[in-house]
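Letters A, B, C and D name the chains as they come in the text, with residue numbers starting at 1 for each one.
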Amino acid sequence: MLEDTQGLHVVAQTPFAPDDTVDHDSIDTLTAFYHRHGAKGLLVLGVSGEAQTLTPDETVGVAAAYVAASNGRPVIAGVSSPNLALLAEVTAQVRAEGAAGVMISPPASVRTDEDLMAYFDAVFARIGDVPVVLQDFPASSGVKMSVPAMARLIGAFPQIAVVKEEDMPSARKVAALRATVPWPVRILTGNNGLYLPQELARGADGPMAGFSYPEMLSGVDRLMRFDNDVAGAHALFNRYLPLLKHEAQGAMGIALRKEVMRRRGALAHAAMRAPGGTLTAEDIAELDAILAHMDLPA
Amino acid sequence: MLEDTQGLHVVAQTPFAPDDTVDHDSIDTLTAFYHRHGAKGLLVLGVSGEAQTLTPDETVGVAAAYVAASNGRPVIAGVSSPNLALLAEVTAQVRAEGAAGVMISPPASVRTDEDLMAYFDAVFARIGDVPVVLQDFPASSGVKMSVPAMARLIGAFPQIAVVKEEDMPSARKVAALRATVPWPVRILTGNNGLYLPQELARGADGPMAGFSYPEMLSGVDRLMRFDNDVAGAHALFNRYLPLLKHEAQGAMGIALRKEVMRRRGALAHAAMRAPGGTLTAEDIAELDAILAHMDLPA
Amino acid sequence: MLEDTQGLHVVAQTPFAPDDTVDHDSIDTLTAFYHRHGAKGLLVLGVSGEAQTLTPDETVGVAAAYVAASNGRPVIAGVSSPNLALLAEVTAQVRAEGAAGVMISPPASVRTDEDLMAYFDAVFARIGDVPVVLQDFPASSGVKMSVPAMARLIGAFPQIAVVKEEDMPSARKVAALRATVPWPVRILTGNNGLYLPQELARGADGPMAGFSYPEMLSGVDRLMRFDNDVAGAHALFNRYLPLLKHEAQGAMGIALRKEVMRRRGALAHAAMRAPGGTLTAEDIAELDAILAHMDLPA
Amino acid sequence: MLEDTQGLHVVAQTPFAPDDTVDHDSIDTLTAFYHRHGAKGLLVLGVSGEAQTLTPDETVGVAAAYVAASNGRPVIAGVSSPNLALLAEVTAQVRAEGAAGVMISPPASVRTDEDLMAYFDAVFARIGDVPVVLQDFPASSGVKMSVPAMARLIGAFPQIAVVKEEDMPSARKVAALRATVPWPVRILTGNNGLYLPQELARGADGPMAGFSYPEMLSGVDRLMRFDNDVAGAHALFNRYLPLLKHEAQGAMGIALRKEVMRRRGALAHAAMRAPGGTLTAEDIAELDAILAHMDLPA
């Protein structure tokens, strides 16, 4: 079901209202914003979707709202958890709401190739035949997977249809994975899109990342994969790079991204739910300086 | 409400039936077993209570069942989670079911004294005036708290009524805490009870630990704290030490503890829920050898 | 002695000959290259100086060679080690060779504010009155230091004359440190210079970083701190950003940096000593593509 | 050369004089003490040998002194280091002084099976044909090795003649290794000897551990492996268990072990070199209480 996963898949924000509840109206405007700027699909409830601040009910509600707003375009939901029972329950619930698949990163307790295989054995015994995006992001998960280990895992579990590859250096790992893991497994890349031109040149099928100007991500993807316009891709990427890099600063980066998207009308309120990042006056001035000295389209 | 927390508080098991559901009948027999062997209260849903294998509904169900079986003796529920919204929701639910308090260990994202204070600020903003046991167990949590940091935390949040101290070397830390943190804050100790005589000699108020012979834990506590019979306490402790140490082996240790308690009639089935430990024939033979060469009462 | 530490301090490479020995001739050309492009001083034997591949004798030899080539400009030597006796011995030796000071990052065994203070107590008891750069780089050291803890440390040990600040988000931490730690303690910033304009705007005294075009680092520093030309600084920074970011990829990034500097004539051979990074034909092609699509001066 | 490695190999202490220099006289008495109580060989310069407080010259000096005192019985030297050049240099030096082999634990940078193989490739490229004890101690190294990965490693490098197995639960891992790795590779066990009877029952070739009563370790080994007296082995082990467990408390445990051995005349001074553990009056009283309530031979 996820075999056709290519092109930009935006890592979506979770918007909150001033009263700290989930802002469902902004889910509609965000979804339209993402799609208007080239998203083929969405990844919701990732780390930068503030999943760790939502109750299970809110979690399922956010997934359902994004599915409803997406008009048939795919929505993949992050469900990683150290608690396998919770992972399985949330998986079943978001699938019932229409999620096309789920994204899973192994928990920090996985420390060897054998642990990795055993973990996903247990996962699939519980969730069954659900299409899965395997997230490879050691900087966040603490789990380092070698390419041979990933290949064995993917060979054993055909439900793994996509890899979100964000182990560094990512372009090299994309190339090594692509040489080892056969189609139709897809490889998308994350890491805030910081190495997107290189990743696409080495065989990635598109970005799965968040950025306040998603049109850059979809544009670079198109220029590299379809138009064969490497110079154009680099030029587009480099133009946005100062902001892209500025958003790649953990929780503060998410707060900055929400603020820029608020200014662009994509959501009503930039607030993150505690304990997320908040922006000071200095942070805002710093953001304004970066934007002022970039060469952004009007 | 937890100010009188002293004496043995058993870290309770979660029993499962052969069909992998929670075995509520065995919760009744376990509770009676724990109380019969000297428990003043129970700590349910800790790591060795296999909390990470339960759905949120099952979690609350286990807490409610232990409360119902306890006839008014206190039940404290472990609610630690990297997800603060989930922690708060489960806290409210177990409190509604009658839990006397909750136990919280800071998440691995807490890395400085400032992080620690900020984390519990966020926790109490959400859960309100709930009595809390602060768990200090770096080997599991990854969070190391200094005694001054713990004292500042406890000074700032009077809801913290008890510390479960299991940082190594634990007896030294109990003494340092006791010299710094004023009454009525209570200090119980865990770490499978492996250093219980020393911890009690240095000022601990009792064990909060699991063992298949809880009468040893309550006996040592009584001999040390009330009868001033150090020789008797050491003799009792040393007699059980080979098995105590054998149960202190992570997931396999929990499986062994369940098996011994099954043999003692405390629960119907020794099974752990996946991905918990299972015992092989060699593991059973090894357990039998240890039991055979101890000098246990008939 | 390090009180005047400001402006660009280049994190220097260690050059190797084809026979895998240290290439002392290239130390001379590298030093001239760094100074020609604006370095006020050098930091040698850091992680990107491949210190972990050198024997103690080679370590001291590299420091001595950089001092000899520097004609009186300061050389600071990285001496961090989990072995305190080795740290002290190397400190004495590089000081005897003329190093202006040493840089120390706490070892991973430091986990609380108290540990931190005790560690530097032990350090200074052994090394005495040596000027020290305190490196704050949790992504590499595993040690997170809060601003209050750093301030207490600096207050207790006047030998700490400089902080190399590279905890993320770094600009925020520079501002918080600057507001807390009084002059004349200097704050330089690392992290490959990726957030240099923001760090300088928030009070940093210059970069302590490596880049194959050090003239960008010194130029941005001058434009921000002396010429008050924020627009010029951003323009200069953004022009080099695609390569700056590409070099920020761990061991592969060091290999890329050496390759670009080899092309610029700064050293004779780009090789890293094993187990350092090696570049494949694809890596070289990728580097060429990045360089081709930047707007670099001839 | 290490193929006959079986029976007790004591993890030796490094003794210090009151002036903080290495106490070479006590190396002689310690060696005699270890051999008199059943040691077939020694492991020097391990973590509990305070290797991290010695300079490279002291390191080699300690190894040489133990070799000289051992009258031909084997001495194996711990040489683990994140710095491969240092590891290789120390290996060559201790071999020149007569060490029978070296013990190596992989550094924390090893995170996958592929990393593990690459690391030892680099090690053996540098140290050549030196007999090696592979230490498997994740609680200290941070590196978890699966049994298949260890088997591949041992298959690739015949220099690995012995495994020091101390991953928990250790008895299970000994059995799995023994079933996978063919003779003549030997398996010794560490972890302070806490699970020695079980490890020997599952196929270990003896303990490689430290304890202030090494005659217990050699006695249990003999009773289990040669006399087939399981009851006798358990009885002997259980008699000493309260102290064995008390010494298993990190740096404080090493200090306690030195103190007991000082009382037994094995070394002249119990001091550890900073930043090692020091004992307070309460620690001494605690030790005395444990000893008083055990049933030790006169």
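Note that in this section a contact is a pair of C-beta atoms (placed from the backbone, for glycine too) under 8 Å apart; a residue touches a chain by one contact, two chains touch by 3 or more.
Predicted, not measured: the structure shown is a model, and the values here were computed from it.
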item	value
Intersection of contact partners for chain A and chain B	C, D
More contacts between chains, A-C or B-C	A-C
Angle (degrees, nearest 5) of the CA superposition of chain C onto chain D	180
Per Cα centroids, the chain farthest from chain B	C
Chain C-chain D separation of Cα centroids, rounded to whole Å	38
For chain A paired with chain C, centre-to-centre distance based on mean C-alpha positions, whole Å	33
Averaged-CA centre spacing for the pair chain C and chain B, given as whole angstrom	47
Chain A, residues touching no fewer than two other chains	none
Chain D residues within the chain B interface of the complex	168-169, 171-172, 175, 194-195, 197-198, 201-202, 230-231, 234-235, 237-238, 241-242, 245-246, 249-250, 252-253, 282-283, 286, 289-290, 293-294
Residue numbers on chain D that touch chain C, as the complex places them	51-56, 58, 82-86, 89, 108, 118-119, 122, 125, 274-275
Residues of chain C touching chain B in the complex	111-115, 138, 144-149
